[in-house]
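Note that the chains are named A, B, C and D in the order they appear, and that numbering of residues resets to 1 at the start of each chain.
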Amino acid sequence: MSDVICIFDLRRMFTHAAEQIRHESELLSQLDCVGGDGDHGTTIVRAMEMLEYEMNAKSDRPLDVRLRDAGWSVLGVGGGASSALLGTFIAGMGDVELGRECDCKRLAAGFASGLRAVEKQTKAKPGDKTMMDALVPAVQAIEAAAGSGESIARALKLAADAARSGAEATKKMIARYGRAKFLGERTLGSADAGATSIALLFQGFSTAFAKQKEV
Amino acid sequence: MSDVICIFDLRRMFTHAAEQIRHESELLSQLDCVGGDGDHGTTIVRAMEMLEYEMNAKSDRPLDVRLRDAGWSVLGVGGGASSALLGTFIAGMGDVELGRECDCKRLAAGFASGLRAVEKQTKAKPGDKTMMDALVPAVQAIEAAAGSGESIARALKLAADAARSGAEATKKMIARYGRAKFLGERTLGSADAGATSIALLFQGFSTAFAKQKEV
Amino acid sequence: MRMKKFINDPRQLTAELLEGFTLAFPRHVRLSGTSAIVRATPKPAGMVRMVTLGGSGHEPGLSGFVGRGMLDASIAGEIFAAPGAVKCIEAIRDACAGGEGTLLIVLNHAGDVLAANIAMQAVDREGLNVKMVLTEEDISSSVGDRRGLVGCVAVYKVAGAAAEAGASLERCFEVAQRMAGNMRTLAVAVRTATNPVTGQPIFELGEDEMEIGMGQHGEAGTGRMRLKSANQTAEIMLDQLLTDLAVSADEEVLVILNGAGATTLMELYLVFRRVAQALEAKSIRLVRSAIGEFITTQEQAGFQMMIARMDKELIELWDAPADTPFFKMP
Amino acid sequence: MRMKKFINDPRQLTAELLEGFTLAFPRHVRLSGTSAIVRATPKPAGMVRMVTLGGSGHEPGLSGFVGRGMLDASIAGEIFAAPGAVKCIEAIRDACAGGEGTLLIVLNHAGDVLAANIAMQAVDREGLNVKMVLTEEDISSSVGDRRGLVGCVAVYKVAGAAAEAGASLERCFEVAQRMAGNMRTLAVAVRTATNPVTGQPIFELGEDEMEIGMGQHGEAGTGRMRLKSANQTAEIMLDQLLTDLAVSADEEVLVILNGAGATTLMELYLVFRRVAQALEAKSIRLVRSAIGEFITTQEQAGFQMMIARMDKELIELWDAPADTPFFKMP
């Protein structure tokens, strides 16, 4: 069996990711209290549940179409800055052709395309204490892993690790985007809410995949 | 020296009474919290300070005129139910002629006249848990004392005692007038705010007079 | 809960707030003497004047409804305290000087009624043409001596419209009485206010308690219970109001929801939604409504629900133009 | 402070509040789709449409200003959350279908701007005639990326009046930009709000602390200090605003005081009084004002002070008739 993912894998990835995020939703809202409006847990769970729902819908369209539609659905439900960016990311993944099955290289191209879409909407870069601190290294890790011929499971594991370190690093940063940017030094010491949920997203992707391969 | 009071006595009476009430103003507001709006201390102090001010004004008008004007001044400043009734009481004292000096009998007639004026404005009777529970027995005590030839100091002492017992008795009553009437049994156990301040008023009248006579 | 308010010297509070209010609405109102808020542009001579009185601390409160189509004057007392009777006498005299008689609208609270009665006795002796209407619609107390709550605003509106249209004093009085007799209010609170002068809360409610039957000044009510949802609270209150007013199917009603201070409009919308649904289910016709903060109780959390039976004429008067600081009808 | 609110299922909160709102103001508004509040009676064809967007939980908030003379549509998000970009695209399409182009007014908050940008890219691709204005007047942050606070209401008012009078999209845009560029706002809080969905306060202030520079959703500010009097607070805030806007003597200004939720109108009057006195002392002419609750932050205690430089045309547009649920000009 070749190393590819199909809609069933994608479905499991999003189910696991939603699970992770739901589980930490109170923490995510608390992190958003530091400089934001204290609702990130609520908004990101709403977005994740929409993605889960879309991935579970019956349809035999290619993965890119599924992702694009799912991303736009998130852009439909609304939920602040994080949903707009997450929706853009997922929809953007579908801007490259993925077919009904795709290998690690294609998948990495999809993630890279999603990141490009996000970068069109925000000027935030790693270091600005936003979800970009987790998203950018995660996508780079997948690309690197795919480039050196790693398996999908391995690539996602590396992405999850990169996202987690990226989120962790936001603790030492001062926010420059989002609601928290007005607070300056006060945001030092606690992690960015959006970066933390992106780390959970990739952790969910990874564990879902790891588990599947163990079977 | 015959047993009469003049404007200097009246002045001292109101100064002492205002002093007593000011001293207990927090307690009076607290008592008003039970069934009322928690402001009796504030309103009654405002009224007493107006009376003090009026009594201290330079003028050689007769006592009845002084009292009538002072009462109407209280009706001018405003301050809820208690000021309206206190103002009416003091103004009503001036409805009988008191001259520039008056003896115990005349003074008792003045108090009785004040009470009649109040009774025209409220249907509350002793037993209804209002200031009437202190005011009615106080005035009756002065009248009785004057009738049996007691001194002014003694009459005011008896009035103060009667007012205090009357106020004390309101603890066992259920309010039937004023803001507290809507609360029924909840008002059991604590004294009526207005009755308590009337007791302090007469206590002030009495101590002022007692002190003067000691000199 | 410690008081946290933007105030200056508490003894100057009322004077300063009246000054601020008149500075904020120069097109509508001005201060006459120390405590009467009157229209910036008086009504033409020969028309009935509408006057009310009551304590401050309920902003927008009574004075917020002085203006074309509603009140001509509002006599403001100190915080939570009736104005002095003398002030009332002066304001009524002024009103009578300009108009064809004066309608005095008084909310049934001991202090206000005492001041109004003393004033009425005085102006009667002077032979002035004044009639008084008492609003007493709080169903938490028994018939015969009920408190006046937000319902006065409806009375100001309809009687004010009649006066503005040139009706006689008798006619304005009749309209005011009809409105007053056809309305019922009930208040609920979940958190009480602090008195801005004493700095103290009047009483405290438990962490998960609410109380139905509150007074206008944070006076405790008679129906303490566990905090309920918006829907349940709406139903409990509406049922009591409809029963007391004996409303039957096909009748037309006005509903006013009056926020106490801290309760959000968001919550009032939720409550209103259920009221509208419940009325619809009973085939009672919700013909008019007003939702907002009209007569508040400092930063108390809770609201008043008023329901009134309307007839064709009352609806027309409700719809008539009004232009006051806090109630406008185009 | 435990949350005590009259709500039902928190997940249904926004849907229920929009339903309650439209039930309460049937003469002014109706719901289009799930989350666009539009005028009950649309503007005649061939006129510019005014559209805004933003999260709920700020009632009356943006949707409270939909009606004649102000907005044509308001796209409501969930509590404190921008609406979805797709909803914005749909609402702008609808607006453009009826009118001569659409002016989209967006408060500068990351989520709102992201949604608006995605929507603008989409409708631009469709060739629709839409222009966007960003309001960013919160002086607590540095120039270039300031938050949008209550100032949007002034923009709705003047640009809405221009649109109502038949001005072109370019003209409405120019008016909106001029108003937006000439206004400055600063917020203060003494007690924070609880989020109605999570039930949690965003942060807590000490017993005798206040904080200047608060955001619109209870986001912490940057100027924590001891609680001050009404006069002192008014002076501190006004000075910062006047300096930032560089107002000089004889200029004409509009002042808006926007209550955060629990702070009483009584307190706002006191603050307003001092603002009026201070402006007078500086010979700055206070030509218009608005005082009340326009865009709230749940039961937060505090307020926003907005000051704007006005010119003859802006004043005329401010004075033009408006009839919306929470802003009326006769």
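We take it that a contact is a pair of C-beta atoms (placed from the backbone, for glycine too) under 8 Å apart; a residue touches a chain by one contact, two chains touch by 3 or more.
Since this is a predicted model, take the numbers as computed values, not measurements.
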Where the contacts of subunit C and subunit D overlap, which chains show up?
-> none
Top of the farthest list for subunit C, CA-centroid basis, is A
If you average the CA atoms of subunit A and of subunit B, how many Å lie between those two points?
-> 76
Between the Cα centroids of subunit B and subunit D the separation in whole angstrom comes to 54
Separation of subunit B from subunit C, taking each centre as the mean of its C-alpha atoms, in whole Å | 32
Name the residues of subunit D that each touch 2 or more other chains.
-> none
For subunit A, what residues touch not just one other chain but two or more?
-> none
Overall pattern in which the protein chains touch one another (line/ring/star/complete/other) | line
State the interface residues of subunit A toward subunit D in the complex, per the touch definition above.
-> 26, 29-30, 33-39, 41-43, 46, 72-85, 87-88, 121-122, 177-184, 186
Flag every residue of subunit C that touches subunit D in the complex, lowest number first.
-> 2, 4-8, 13, 16-21, 23-24, 56-57, 59-60, 190-191, 196, 207-208, 210, 227-231, 233, 261-273, 276, 289, 291-293, 296, 298-299, 301, 303, 321, 323, 326, 328, 330
Would you mind writing out the residues of subunit D in touch with subunit A in their complex?
-> 35, 55, 77-87, 109-111, 114-115, 117-118, 140-141, 145, 147, 195, 197-198, 200-203, 213, 215, 217-222
